[in-house]
Amino acid sequence: MGINLKEMFYFNDPLIIGSQIAIVLTTIGIVAGITYLKKWKWLWTEWLTTVDHKKIGVMYIISGVLMFFRGGMDGLLMKAQTARPEMGFLDAQHYNEIFTTHGVIMILFMAMPMLIGLMNVAVPLQIGARDVAFPQLNALSFWLFFAGAMLFNISFVVGGSPDAGWTYYFPLAGKEFTPGIGNNYYAVALQIAGIGTLMTGINFIVTILKMRTKGMTLMRMPMFTWTTFVTCVIIVAAFPILTVALAMATFDRLYGTHFFTVSSGGMDMLWANLFWLWGHPEVYIVALPAFGIFSEVIATFSRKTLYGYKSMVYSIVGIAVLSMVVWVHHFYTMGAGPAVNSIFSITTMMIAVPTGVKMFNWLFTMRKGRIKMTSAMLWALAFVPCFLIGGVTGVMLAMGAADFQYHNTLFLVAHFHYVLIPGVVFAVFAGLYYWWPKMFGHMLNERLGKWHFWLFVIGFNLTFFPMFFLGLKGAIRRSYTFSAASGFSELFLLSAVGALILAAGFAVFCYNIYWSVRYADRNISSDPWDARTLEWATASPVQYYNFAYLPEVKTLDAFWYMKKNNIGIKLDENQIEEIHMPSNSGLPFVMCAVFGIVGFFLVFEWHLAAAIASIGIFAGLIARSFDYDHGYHIHKEEILATERAWRQAEGEVNTRVG
Amino acid sequence: MKKWLISLLAMSSALLSGCQTNMVVFEPQGPVARSIMELINWSLLWMLLVVVVVLTLFGYIVWKYREKKENMNYEPPEEHGSTTLEIIWTAIPILIVTALTVPTVKTLYALENVPAGYESKKPITIHVTSADWKWIFSYPEQGIETVNYVNIPEDTPIDFKLTSAGTMQSFWIPALGGQKYAMNKMETQLYLVADNPGSYFGRNTNFNGKGYAEMEFEVQVKTEKDFDEWVSEAKSSAPKLTEQQYEELLKPTHLGRLTYSNTHLAWVDHSKPDSKSYTNPELYRGHGYPGKIFEEEDNYRSPDAQKDAVQNLENKDAHRGDTHGH
Amino acid sequence: MEKKANGFPMGHVYGLVLSLLLTFLAAGVVLKTALSFPAVMAIIGTLAILQAALQLFMFMHVTEGEDGKTNLINIVYGVVCAVIIVAGSVWVLTSGHAH
Amino acid sequence: MSAKVNTSLPLEYQTEQNRLNILGFWIFLGAEIVLFSTLFSGYGVLGERYAGGPVLKDIMVFKDVMIQTLLLLVSSFTCGIAIFEMRRNNLKGLLAWLVITFILGAGFLYMEINEFMHYVHAGATMQTSAAFSSFFLLLGTHGLHVTMGIGWGTMIIIQLLKKGLIPETARKTFIIGLYWHFLDVVWIFIYTYVYLKAMVS
């Protein structure tokens, strides 16, 4: 295994050299900064080894925001390239790499961590628990995700980017047609991150089933907790499929097997089949928690309980079940015959029914309410019309025969951005504006928030609405250029301009974070929105033990009920007992490094090195098996002191949006 | 939301009235594309209804119940839902979905057969073989093979039999009908009919590597007389394709139009499960770190393939990404 | 939950005997009978499912403990997914023109 | 997470954390069902695509498959006895039966490795054809699980020796018991849908 540095860091491409320099400089900057501020110890004890679900949530969110930058930059580059016909800004190879990384990063390394991050922050609090069921596993999940994300991201500057689309269709993605190592990154990095996600799924299922506080029956759970639970069920049912599909892909690429190859009996259709068996549930994995966030936000800012709570629950369960039986709608054109296509057309269209139930329930939650136009609520409001368009075009795609004309055109690209951006990105923004005070003890600036909102929503529609028409005119996806004669030019330009506005919106959001961290008022209520669920019953930012003692729940919207009836709000000091907490652990972080290294060696096909490095994985597992750490206890006095302090400060609060 | 509403209305009224929209999907040039368009129009109607209803409701509610200075004291009522309403908004979507399902299934089945009204006419079979990054059309009955263009007679059902020599492609002539995949060692099938003579645009829509964007072809629809003339002319004047030339043809390149007076089906039909594979990974080397390549027994390896590959690598720095020079 | 019995756990012994029986029965059907392929597959498929259920209930005690119901729902859901994945894939990839 | 202990339950259920772990493991087994069924779907689709290479039916030795099956079935039984002994608080019995279980498992592994070597000699490797790629992936994944099970079991035996029967070791033992039975279930399907099916066709 000779190592050729020239080929590893191909030094002949300005774009890539630029990125390499930027990465090196940023890394040096960060290391120097931390050293200068003497923050290494703090970083290690407070963050890298933490098992606190709230901190893990914050780390997920930070990674998600960073990945949004990367994915967004990819999106902007693509828009720049197709702004005019026959542009020479990117060549075909670059464009292919960029849409591949854009798709993967946006879905797996942006949407997933953002939502899992918010789950981590909110769900244990919403059910009145001290932490998740397996705090250390939770940390490991995060660090595996992180290892996968980092491994995937270095592909742009080391060794070559994957370039077979986020759908990674074989045989193109196999060694027969892409012999470079670029596509190895996809198979290996997604595998590592996927294992992390699977463990998150198991962790939250157990947490939600077993760790609800007294009186919180399933039908009293906040809607975000419900969607998290159902999402995790889908994760557990879908991610193992990805694990196997990726294992097959890895074997084909690294060891010359014949699962999806052209030669020796392989079948490329099997990849498409397995990919979408996972891939379709995956889009609901990202959409359902988003629906949960909207439910919380809409109920809070309409000052009403969620309309049709029960049918909301049944509809998410319905969506979850249906999501497992629609995968073929992504390849109606593969020629499986009218019987197959008919069945899957029907199952797919049926998803419109439970989704519609949710839509109407949201609308009727607002009816007779008092709708407060905070930034968080604005996102939820914009979601309704935008997602509606994405949804109905989805139903159009679902009609197998019609899909023969839409498939792989920009109509499809418009559809999925119209569901993914309102359905995920809007929700994440809504969630961040909503839970920000809970996470950090200060609010995001509402005025900047509105700028962010309007720029982003207008830019989004301007970018993607023209794509419906482009698709109907015959413009295809994944094409790096188009001819002037095609008549696509105006709409493409319009779309590019929209993307700039969109980016400006996101830039305002980043500035908002910066501004708020520096200048926002710290003197705010622990319940600034007059909200309804238990996470608002404790301090902001939340004490590391969450609750002094676990609250008792009597109804849905538990905290609202507590406030209205003035029960359980005041601290009952007699109820305070010692609290048992799990200890921090450096093992997850070490495992992240080991997995990253093994993954890197595998990507470069240095099998011996990978085998040796993977001993580290087993060492980690053994170390964990022999770890009998029982955690520690917080003493009563400490709890009392903390509680008295924040409850006293609460009286002097001057910031409350109420 | 008004903006969307207006543009949606504008769009659909333009579509439904059938005037010039420049949208190829709405300007069908044959019965297959027409039946799909009718299905699409049907769905648009219903979707428009859904969008209008939901947006109206949305606009009304948000406007009426927004927080104002006057209603700051208004405390919303406790209400938990309504079974009647729940039933209504479950049932109506089910009805709409049913209204969409029935024609969808009908069309799906219809598309697998010769279009209605053309059953009496004997279809012409054309084998379509896609390779990186070109389209090869074989007329077994006529004994002709063309590359990157296909001539067909008007008003005659064409039975396209699709397969691929390597990667997965999708065969699409939007003016004439929907698309289908072409896959190695697999045969998919598509009936199309063209109403009128003319030139239509066809292409691959399934991403298959560097040369994907340019993987297009032209469909020339001729009168039957012109078509027969073209056939006999091609038969008499076009050169014969040899196996060796064919292997050359399958390399990942862009080519212009070619015509031959025989077909490659004589020695290989890529749709057969045990047909020979013509893969040569060396020709796909790009930038970045080279990975291991696995030798397959039936890999295509002409004597100069290796040389080509080496040259390919040497040139790659000079013009990365544009190996297709046309 | 099992009692803290002192004797030998006969339940386990019966389980073993039964599972051996099912295994040999399946082999017997395959080796000694001349039924058609679908018939044999149906029979041995049923035997496999029986035997899996036997392991689940007699050895693994799925329904035991305070989460017995959850465990059972979980396993049933897993099995439903398994059927969808296996039967669905085979159906989709072997129908139509895709040979 | 609290260390409250309910002594009326068997050791492995006594603490809250133990109950969480056991439920979590069941959910994990749900994921394993999906994982293996995906492998089966791969074999179901590719299993006959020998691409002109050797055919499983011709090279397999049914007698050896039967022995593997018996080894695994009996080990599943002995594993059940081990857990039974654990519930009687009989550490010695537990250890003895566990050791027997893993020895049987090792026997199974030995047979399986031999079987694979035999196939490789007969010209059927993972690279030979799609059928053998999917065969080896399915069987290999199961075999890897058995290997991991033995390694993990060894760790637990060491811990039992060091710490005796306490709620934590009991939970770990109980969980590996579940795991071991599950591997037996998977094997039943391999036996039926891979080996017996090959004999029929």
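As written, the chains take the letters A, B, C and D, and residue 1 is the first residue of each chain.
Methods note: a residue touches a chain if its C-beta (ideal position, glycine included) is under 8 Å from a C-beta of that chain, and two chains touch if they have at least 3 such contacts.
Predicted model, so just to flag it, every value in this text is computed and none were measured.
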| item | value |
| --- | --- |
| Most distant chain from chain D by Cα centroid | B |
| Result of counting contacting C-beta pairs for A-B and C-D, higher pair | A-B |
| CA centroid of chain C to CA centroid of chain D, Å | 15 |
| Chain centre separation in whole Å, for chain B relative to chain A (CA means) | 32 |
| Rounded Å distance, chain A centre to chain D centre (Cα mean) | 34 |
| Centre distance in Å when chain B and chain C are each reduced to the mean of their C-alpha atoms | 44 |
| Chain D: positions in contact with at least two other chains | 19, 23, 27, 30-31, 34, 38, 41, 45, 49, 51, 127 |
| Multi-partner residues of chain B (at least 2 other chains) | 183, 186, 188-189, 273, 294 |
| Chain C: positions in contact with at least two other chains | 67, 70, 77-78, 81, 85, 88-89, 93, 96-98 |
| Contact footprint of chain A on chain D as seen in their complex | 1-3, 19-21, 23-24, 27-28, 30-32, 34-35, 38-39, 41-42, 45-46, 49-51, 53, 126-131, 133-134, 136-137, 151-152, 155-156, 159, 163, 168, 172 |
| Residues of chain A defined as touching chain C within the complex | 209-210, 233, 237, 241, 267, 269-270, 273-274, 277, 324-325, 327-328, 334-340 |
| In the complex with chain A, residue positions of chain C that touch it | 67, 70, 77-78, 81, 84-85, 88-89, 91-93, 95-98 |
| Of all residues in chain A, those that touch chain B in their complex | 4, 7-8, 10, 12-13, 91-94, 96, 159-161, 163-165, 169-172, 175-182, 184, 253-254, 256, 262-265, 268-269, 302-305, 307-311, 331, 333-335, 337-338, 341-342, 345-346, 349-350, 352-353, 356-357, 359-361, 363-364, 366-373, 381, 384-385, 388-389, 392-393, 395-396, 399-409, 461, 465, 469, 472-474, 476-482, 487, 604-605 |
| Contact set on chain C toward chain D in their complex | 1-2, 4-6, 9, 12-13, 15-16, 19-20, 23, 26-27, 30-31, 37, 40-41, 44-45, 47-48, 51-52, 55-56, 58-60, 62, 65-67, 70-71, 74-75, 77-79, 81-83, 85-86, 88-90, 93-94 |
